[in-house]
Amino acid sequence: MNYSSLIIAVLILLGGAYLLGRNRARAIASQGIRLHSLPTHYGALMALWTGLPPLLLLLIWGLAEAPIIDHLLIAQLPEAIQQGTSSEIQLTISKVHNLAIGAGIDAAPELEPAVRHLIDLQQRTLLLHSGMVLSLALLGIALTWRRIKADMRARTEVESIVRRLLFASSGVAVLTTLGILASVLYEAWQFFGKVSPFEFLFGTTWSPQVALRADQSGSSGSFGAVPLFAGTLLISLIAMFIAVPVGLMAAIYLSEYATPTIRQYAKPALEILAGIPTVVYGFFAALTVAPVIRELGESMGLAVSSESALAAGLVMGIMIIPFVSSLSDDVINAVPQSLRDGSYGLGATKSETVKEVVIPAALPGIVGAIMLAVSRAIGETMIVAMAAGLAANLTANPLDSVTTVTVQIVTLLVGDQEFDSPKTLAAFALGLVLFLVTLVLNFVALKVVQKYREQYD
Amino acid sequence: MTNTSMSTREKVEKSMVRRRAAEKRFRVYGMASVLFGLLCLVGLFGDIINKGASAFRQTVIQTEILIDADYLGINKKADDQEIRNADFEGLIKQHFKKLVQPEGRSERRMLYSMISAGAAWQLQEAVMLNPSLLGQTMSINLIADDDVDQWFKHDRGTELHNNRMNETQVKWLEQWIEQGMLKTQFNTLFFVNGDSREPELAGIRGAITGTFLTLLVTFLLSFPIGVAAAIYLEEFAPRNKITEFVEININNLAAVPSITFGLLGLAIFINIFGVARSTPLIGGLVLTLMTLPTIIISGRAAIKAVPPSIREAAFGLGASKMQVVFHHVLPLALPGMLTGTIIGMAQALGETAPLLMIGMVAFVVDVPGFVNDPSTVLPVQIFLWSDSPERAFMERTSGAIMVLLGFLVTMNTAAVMLRRRLERRW
Amino acid sequence: ERDYISIVGSSTVYPFSTVVAERFGKSTNFRTPKVESTGSGGGLKLFCSGVGDATPDITNASRAIKSSEIELCAKNGVTDIVEVMIGYDGIVFANTAAAPHMELTRKDMYLALAKMVPAQDGSDTLIENPYKTWKDVNPVLPAKKIEVLGPPPTSGTRDAFVELAMEGGCKAFPFIKAMKDSDKNKYKAVCHGLREDGAYVEAGENDNLIVQKLVANPDAFGIFGFSFLEQNADKVQGSTVDGKLPTFDAISDGSYPVSRSLFFYVKKAHVGVIPGIEEYLAEFTSERAMGEEGYLADKGMIPMTDKERTRVLKTVKNLTPLAAK
Amino acid sequence: MSIIENHKTNGAAFCENPKLKARDVGVFYGEKQAIFDVSLDIGANEVIALIGPSGCGKSTFLRCLNRMNDTIDICQIRGEILLDGENIYDPKVDVVPLRARVGMVFQKPNPFPKSIYDNVAYGPRIHGLAHSRVDLDEIVEKSLQRAGLWNEVKDRLHSPGTGLSGGQQQRLCIARTIAVDPEVILMDEPCSALDPIATAKIEELIDELRENYTIAIVTHSMQQAARVSQRTAYFHLGQLIEVNPTDQVFTTPQHTLTEAYITGRFG
Amino acid sequence: MSIIENHKTNGAAFCENPKLKARDVGVFYGEKQAIFDVSLDIGANEVIALIGPSGCGKSTFLRCLNRMNDTIDICQIRGEILLDGENIYDPKVDVVPLRARVGMVFQKPNPFPKSIYDNVAYGPRIHGLAHSRVDLDEIVEKSLQRAGLWNEVKDRLHSPGTGLSGGQQQRLCIARTIAVDPEVILMDEPCSALDPIATAKIEELIDELRENYTIAIVTHSMQQAARVSQRTAYFHLGQLIEVNPTDQVFTTPQHTLTEAYITGRFG
């Protein structure tokens, strides 16, 4: 059995276990004995014990199978190869695999035993692990079956398992953070060995062009990240300047003024804005918005660079409107009607009610929505790369071209690179610093929300 | 006191002028905001459709061609391999040479460049399906080269034209048009083919399947995990520094540039766990990490919005915490969670940068069958095509964007309908 | 258990590599290779990360492999690397077809775009680039603002441009040329440094976008690959450089001064392990692909001279690794 | 039920000096009719008590009087209601000043998630009733005092109104309403959450307010109705059964239903 | 305030056959102490009335008895409360069966945003009290009948509970609570939103329930306390001032504060 059919088999067993557990509990109850928990809890417990361990085993097996098989294969390789370097062994094993599936490479008689062994192994492990998985599932059924008694605390047990699952889920976020730190820390560390953190954090010139090739220009490159952070700030501010008022007003309009039909269609329509690929926005910003801005600016006698922070910021603002509008609309909608009634009853107009009562009550959610939008703006790359350019100017003029941290990260990682040049490593350092900066920002935001959060009802 | 009362009324009346205006303004701002958003949407859509609609039509050359078994050197019993090795390209060249009689080598080259490389595969396939065609004359719509396609669809009769079609070629084309040989037909290949370097053969089936599989993985992982994490953090986690740290952390993850998730995926999933590069599985895993914060944050906001009185009522009846959450809080919070999911998934659907790091920015011709086959996704396909030199890829880029948007709209509609059923005000 | 070829590397070579891969897949029984566009450096990094089916078999590069990369490879057990040169990529300097055509010299380009230029008084001192219009640079040029959209520092195209066009231009000043021997670093800094005051606009690596930006802005020039010029001949025109128009022939015979070589690298150890590598190499180096009238030329790659190609064919046939050269 | 079909309201539904006049008012929640053809005058400077069994439509009727029903989507109203002779359902009428003139205290206390001070100051602020901070402070203090809450909250005016006990919240809502100085005050069971002392204070307040205002109060307490109101209206299943001077209703009810209700022999 | 410092509860706080025993219970909302050292027995099969001015801590105390205060983060409890001799604040105790045994009706009606039927059926469902759909239907009907709501809602059992009038909602909440068949019922002003007839029904219900259950009821109505309860406890500013048989409290209150309160001469 392959993985998918095994998973299906386990799921079927799981369903069966649920019914079995429930019915057993019911049978006990029908003898007039009072159960600690509902029959469904016993069913759920049985299902959990039937499903979880085998699925876990499957996961571990999936991760461990390949290395184990390869390990077993080594023993079957000709002596000469076994003595060889690890890469030789590695290659031979790849070859054995490809021979085994008959992928059209020249046969090698000396590998014949290994190939046969592999085919054999694959069949046996398949049998073995299907067997193990299924028997584990059956074991779960049997053990739980025996444990089901009237006074068994099935609900408590189910709940504590579910609680652990919930806990593990929230652990994913923490692990992600650790993973990100782990995957940038080493390289960032190396970078700070080459460039002083002080220069990096406070330097105002960003020009990462260092020699990648021996015969390339030898300029040492300067790694002052201030212009990047300033650029990120500028563009995010412009984007928020569009997205927050438009998004919030749209949310208010949709939840307080619009007829249900309009809301029903307009809200998802706006949500589409979040899903348009950023390449499309990039083209839009670079080819539609930027020229308009340039012409407008020039007609007013302003010097507008053909790649302006304004164009990128405006379009990015449009893209993140739904983050503000939809999430705010949800929280605004969740404010109890009685609060609105209280305000209307005092003779407040709709807008007063919204501004004075509804928004404050929905504030934590709205701030959350805005933070999400800000985050998205900070993390966005493509639009800026296409419309605001890559020149690291330190300026507050939205008509100038600026670049952002993320754009630099992407260009450094996607363009030509060298594994140990500060130019490439700088991407990791930027990632790390951005991570820490936004961490502080979020900390501040959380504190603000905590201060102003008001419970209603 | 009557005086005061009168004066109150007067004060209110007096304030009304200002307030009515404020109310009207507020309403107008709201309406304008919605309209602005919708206009942007319409503008973007219009632009894309305008550019991309022509991608759905393909120019073909209708011709009667003799499948010369002798030339091909195969007979009716030939197996697939033999057919594959046969020189159909040469056959087509012969055919067209007879048709227009080019003079000299350079004219021959001009002529051959007008027929797609796919034409030979078309014939090959026809013969493979039906070996009895060998030795017969068949009528077939051979795919024209992308340059011919562009000329026929856009440039014919205009001065402005990239000199990919020269006078001789135009002469031949005009001749074919007169004979009714040149025409456009619905571009089925665009939907049934995988990627190709020949614009006229390039299709999005591989990318669509890849997108579907990738998003499936993303959704199956991110929605349950996101909802579960939101529930845990909001309802179960003790309020302390650790929870606070986790909360900040999650908010922070939302601001992590998406390419960083690619780095993470590369470092953890590929290098440590040995997941294969360029597969929907690894793509889905990376996008899950990226989507999770959005779902968790919106989920928590939605849970927070559930009034405490409802929880109290359930607790008072002896519901356990878990029951309160799953019977009362979750159903009320689900619409909000769905919003987060819709936005998060939409974002995942349009994402390119992190996929760069995990090998999904790739040329993959074969349509993936399952989550561990090499594949690419629509936004990447769009990104790659948009950077291709061939002019014909421009309209295909827009065409692919239209398909992506169609995908997005379908996905959102389903979720929105679900959300609407769950939504209620209390 | 990979049974298809995995190719990574340069985005410049990507369009050529993919055509070959596609033809190869269609005309043989092997699966179509998977080609990733990771950039030359990124590709080499992956390529050098080890052997076995989890690592790529081939990496494309728009520059030659560096010694540090060879060392990295060796450290990870990747020893026999076969270098295959495939052709040339012309780099053009273009503006919209609607605007007047420009005739430039490399010196003009240097003066217009360098960060430091010789002082206008003719003395041997360097000053910050003061030129605002093309006319300031060279009186025969129009009095239009200097605005050039080009690739970012991380791009191979930019490296090539800087090296071939700018350095070619700065060598025209004897005192700078003299620096090459006295102070090599300074020489490079002077010749390779692009101005950062807005006249040179770093505009991402999407060449189509640059083409379209040029159309929208008649004053602007762009730097990009020859294939984009070829495909958009109605929209943009390549400026003459040192009297040569960027044409297929001029690049191919080397008379157009700004072009660079393209390569790919093969992991010899994978030959015979991953099916189809030799056949892929054969397809790539065949006459119908790489030849003067091959399909790669149709896609905008400039073919090598016959002599060069013979050498390449030999390398491929014998799978001669780099070190052994 | 047949006894109340095609009913006519008993007693004196109309009065000489009406502040509010309801004429043939019918209210529907979607399909369901909650109020049937109610005609009733509410006189200037009088307190009218609305009584009747739970679910009979008292709250619904009350909410008609300042168009609070507008906020319920499915709610439809027929007939007319005249405030000082002007139909408040006239399309020209702006509900905002109307609601400022006809204030309302709701059945469930619903303080805003703001500080106690801001809860009370909200109305005067939006209507521009105070010219200065001092003015506003005074209005807030006076309103809280009249609602009998001042002493309990004067030290924590800036803590949230939602942290108060049920009864305190209700008084806060009363204070909030009278701070706007409306001409008519509609009270939906204002004392249901209050202890006798607080109730007594509110009743005193009602008495005091009556000099200048018109008050309609929904109550479940006969005693309260008797204590504070001049007239009493008895509702039953959406119909106005009887309106009469309060003492008369409680001593000699005209309709059998009224009698049944006040003597508790009902149902 | 000095009169109640270092107080001792007057009267008979303890009884012979206690179902619930509170010992030195103190409750804090953050810094603020809301209940001070209250010790009180609630006897089996008795109805005890908790009275006192608004904000004195009646609801808070009541919520301690089934650990509803657990749900308020800032709420801290000292002392112990024993149900059938077992401390309910023992860490080993599972609050779920505890709350099923000690049911609660809240001060503000808080129906679930579900249908009327589901509101009532929820408790029996989660506790597995019904074995079949028919069983459940029966429980729902009976509970609604006992709460005096059946006739009004029997035709719309499947429309949302939030669409009911205030009083109907309150009765729905009562029905919901008794559907679980708890041993102790805590009622926080259950009749405040009810008309006299509904009130009478609830009082009847309380009387009926007393035979098998223990009931603690918070009320603002002295009359109600007098009608339904055997003992009455008077709270003041978080302290339990006096507990005595109800008739004694209302005729000969021991403490001056109690007297002041019940005669309305307070404040």
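Just so it is clear, A, B, C, D and E label the chains in written order, and each chain counts residues from 1 on its own.
Convention: a residue touches a chain if its C-beta (ideal position, glycine included) is under 8 Å from a C-beta of that chain, and two chains touch if they have at least 3 such contacts.
Small disclaimer: the values here were computed from a predicted structure and weren't measured.
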| item | value |
| --- | --- |
| Those chains which touch chain C and also touch chain A | B |
| Chain occupying the most central position, where position means C-alpha average | A |
| Chains linked by the largest number of contacting C-beta pairs | A-B |
| Centre-to-centre distance between chain C and chain B (centres being mean Cα positions), rounded to whole Å | 31 |
| Cα-centroid distance, chain D relative to chain E, in whole angstrom | 29 |
| Euclidean distance of C-alpha centroids - chain B vs chain D, Å | 58 |
| CA centroid of chain C to CA centroid of chain E, Å | 83 |
| Residue numbers of chain E (touch at least two other chains) | 96, 108, 126-127 |
| Per-residue multi-chain contacts in chain C, two or more chains | 2, 29, 38, 205-206, 209 |
| Multi-chain contact residues (two or more partners), chain B | 12, 19-20, 23, 274, 308-309, 320, 356, 386, 426 |
| Chain pairs that touch, as defined at the top of this document | A-B, A-C, A-D, A-E, B-C, B-D, B-E, D-E |
| Chain E to chain B touching residues, read off their complex | 66, 68, 70-71, 73, 95-101, 103-106, 108, 110-113, 122-123, 126-127, 162, 173, 176-177, 180, 182 |
| Contact footprint of chain B on chain D as seen in their complex | 94, 96-97, 100-101, 126-129, 180-181, 183, 211-213 |
| Of chain A, residues touching chain C in the complex | 85-87, 90-95, 97-98, 101, 103-106, 207-209, 211-214, 216-219, 282-283, 286-287, 290-291, 294, 305-307, 385-386, 389-391, 393, 400-401, 403, 411-420, 423-424 |
| For the chain A and chain D complex, residues of the former touching the latter | 260, 336-349, 352, 356-357, 360-361, 454-457 |
| Residue ranges of chain D in contact with chain E within the complex | 29, 51-55, 59-60, 107-109, 152, 163-168, 171, 188-189, 192-201, 220-222, 261-262, 264, 266-267 |
